[in-house]
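Look at the two complexes coming up: subunit A is in both, with subunit B in one and subunit C in the other.
And then the complex of A and B:
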């Protein structure tokens, strides 16, 4: 298990002032982050604004040293022994960089395999398996510069698994991939976690991806953890109560205002918004029957009335709006 | 040790495949040195160089003197260029993955330099054949001396390349080293002007470059038939320089990784 407690990173940056004068400033990129990654689990690390996500991943992958805090890796002090950690982790980042374009896919994988000291026969076998896994069979001997964006990304994924790591850090792994490959990769990520017992940390701007894959979510903002829990915990935390979508034939602003007045008679705190031809209702009370009664009383023909579970994306957007507008209690 | 050698070979192979099939390599290894050689040769041709204070220079072997100079220059330039290419791995993001792995940093740095030593050797063979073809009569080679000088020459360039690699890793802004080191090396290391005729201040600068000693040794054994005994002083200085460069490289690699772990300075973008 990976466990970090009260992780902090302060960078010292130099700013040039006038000619030769340099002013040193301290920037606290990560203020106080604690998290856990377990084998077989997929955790999401989401950031709001300049969150410190990258710095956190770099500390977890031992690329940078925390200024304060503890980092335990399967019972080992990872800050004191980064070399032990390096053998058992890998990172997969999105994008087309980080591979050698003039080399073939096979040569890239062979090179990275050698960096991990993998025995030659085993490496050869593993490369064949990985090439097959990421769908690059028949393309392994072509220079990477001839690859499409998606093929380069698939090679990145194979590279990240070359040392059969126990823990994998996925930083925007599906960026630029088409829907089919993304789905295949999602399946593979789940298989790695559930069948091969890998611990996975995922960061992604595609919140639907995080929602689909992650068992547990850490949400950071300005270097601090603002929420941790399951997707349901987060949506419950942000949207306390129920949400309904309601639409009727001839829906207009006047109907929405009438509905708002009607529902506030039942729950004073209920909210009704007119969005995309629908009325979106939020309330702590159970209002389905009241909304239906309203439609009958008014002689309206109901097109749609159902309760909706807010998505992770909606929860994160709402939470970031709360942070910008009012600040937020740290969970 | 097994893993060290694996990484050394892998890095050497990668660097070779990544850059040696690049047009830039051929231009900088062959075309620029040849053009510079011609420029220097015709500049000297306007003057009478007979009676030079340098024992191995005469009107007859001036082209050979210059060819050896540019052969050495081409060799050492290739390792500096290779180091500059290596620094671009920071922008490419691949440096981050190298440091993410447990691979020996020393093996990576030396493997990288070794690749350019190999490329330099190809250039050396081409220049050597040119030498023989152009003016065989001007050569006065001591074979044992040459056999002792070549390994020293190769080691000096390998250590110089490794040291440059380590320096280029230190900072995002160390590209300036390429400009600072390349031209002065041509001027002060005795590529086209013998170091013996430099004023004292310029000789001090010459001392910095391993190429200075490598060229002196190479010219002595190929133009003056100097034997191992005659070259004792140059050999000792070269070995000291190799040891100093090797130690400085190890220290720099250690300092670089500590610095990077503190600053997170692995990538540019």
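And then the complex of A and C:
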């Protein structure tokens, strides 16, 4: 298990003032982050406004040292023994970095395999498997510079698994991939976690991806953890109530206003918005039967009435709006 | 030393060079040596009119100026090519976006740098041989060749140049610059290390700078292997100096490089 507590990273940045003078400034990129990753689990690390996600990943992958805090890796002090950690982790980043464009796909994987000290026969076998896994069969002997963006990304995924890591850090892994490859990768990520017992940490701008894959989510803002829990915990925390979609034949603003007045008689805090020809109702109370009764009383023909679970994206957007508008309690 | 990493690095770099650098790049490097030799030849024939200072033979260990200058320019070519490529490795990895993936792996940096040095040495040897053949047409003559001195001189020189490359690499990666740092060092080497004239003609302060750059003593050793003019005791004494200088550079350069890697990875973020 990976466990970090109160991780902090302060950078010293030099800023030029006038021509000759350089002023040193300290920037706290990560202020206080604690998280856990377990084998077989997929955790999401989401960020709002330059949150410090990449710095956190770099600390977890031992590329940089934290300024403060503790980091234990399967019971080992990871800060004191980065080489032990490095053998058992890997990182896959989005984009076309982290591979040599002048080498072929096979040569890339071979080189990285050698850096990890993998025995040659095992490495050959593993490269064959990985090339097949990422769908680069028949292309492994071509220089990477001739690859499309998606192919480069697939090769990067293979590179990230070359040392058969116990824990994998995925930093925007599906950027630039088409829908089919993305779906295959999602399947593979789930398989790695569930069948191969790998611990996975995922950051992504595609919140639907995080929603689909992650069992547990850490949400950071400006270097601080603002929420942790499951997707349901997060949506409950942000929306704290029920949401309904309601539409009737001939829906207009007058009906929405009437409905709002009606529902406020039952729950004073309920909200009704007119969005895309529907009424979107938020309330802490259970209002399905009341909404149906309103339609019957008004002689309206119901097109649609159902309760909706807010998506992770809606929850994160709402939470970031709350943070911007009034600040929020740190979970 | 991790031989797996060493071999893999040589293989990787060879493939990259093979695909990345056109033949005219190599021709360009040989031409640099040709121009240096040609410049020295022009000066010797048309400016000095073949007249040398009376103390030249004492200071240079030979009275054959053209051979002296040609060997100097061949070694200069060698230093520039090896130092340039070894020192630029990490900053190139940074620019090509592979530094992070490289640093994620738990490998020994020494093997990585030595692998780069070996490949570069092999490649540069080819260029140097071609440049030496050109040098023959300008008057390169070997007066008193000594094989053991030559081998010793080359091995010690490689060690010294490797150390120098590491320090230059540290400067490059700290400053995130290749052009200013490398060109400043190469200009200094050309001026103060006795490439085309004995450094003793220079002011004391410049001679002192020349003394701390291992190229100066390496060149003395290599010239003595071709032209004689240096007793065995003196050869060994200078050889030890090169070894000590190389050791200081290597053992300063490697840990410093490791520190700078961390700063670079942080700077990539900040």
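The rule is short, and it goes like this: the second predicted complex is superposed on the first by the 331 of 331 C-alpha atoms of A that agree within 3 Å, B and C clash if a C-alpha of one lies under 4 Å from a C-alpha of the other, contacts with A are read in each partner's own complex, and residues count from 1 in each chain.
By our rule, a residue touches a chain if its C-beta (ideal position, glycine included) is under 8 Å from a C-beta of that chain, and two chains touch if they have at least 3 such contacts.
Here the structure is a predicted model, which means the values were calculated and not measured.
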Superposed partners subunit B and subunit C on subunit A - clash or fit: clash
Partner chain(s) touched by A:190 [first = subunit B, second = subunit C, both, neither]: neither
First, second, both or neither for A:11, with subunit B first and subunit C second: both
Touching partner for A:55 - first (subunit B), second (subunit C), both, neither: both
Touched partner set for A:97, first subunit B, second subunit C, both or neither: both
Partner chain in contact with A:83 - subunit B first, subunit C second, else both or neither: both
Partner chain(s) touched by A:110 [first = subunit B, second = subunit C, both, neither]: both
Touching partner for A:27 - first (subunit B), second (subunit C), both, neither: second
Partner chain in contact with A:39 - subunit B first, subunit C second, else both or neither: neither
Residues of subunit A at both interfaces, subunit B in one complex, subunit C in the other: 11, 55, 58, 61, 63-65, 83, 86-87, 89-91, 93, 95, 97-100, 102-103, 107, 110-112, 114-117, 159, 163
Complex contacts: residues of subunit B adjacent to subunit A: 2-3, 6-7, 9-11, 13-14, 17-19, 21-22, 92-94, 96-103, 108, 260-264, 266
Complex contact set, residues of subunit A against subunit B: 9, 11-12, 55, 58, 61-65, 83, 86-87, 89-91, 93, 95, 97-100, 102-103, 107, 110-112, 114-117, 159, 163
Partner subunit C, residues of subunit A touching it in the complex: 11, 13, 27, 29, 54-55, 58, 61, 63-65, 82-83, 86-87, 89-91, 93, 95-103, 107, 110-112, 114-117, 143, 159, 163
Subunit C - residues contacting subunit A, complex: 2, 4-5, 7-9, 11-12, 15-16, 19-20, 96-98, 100-107, 262, 265-266, 269-270
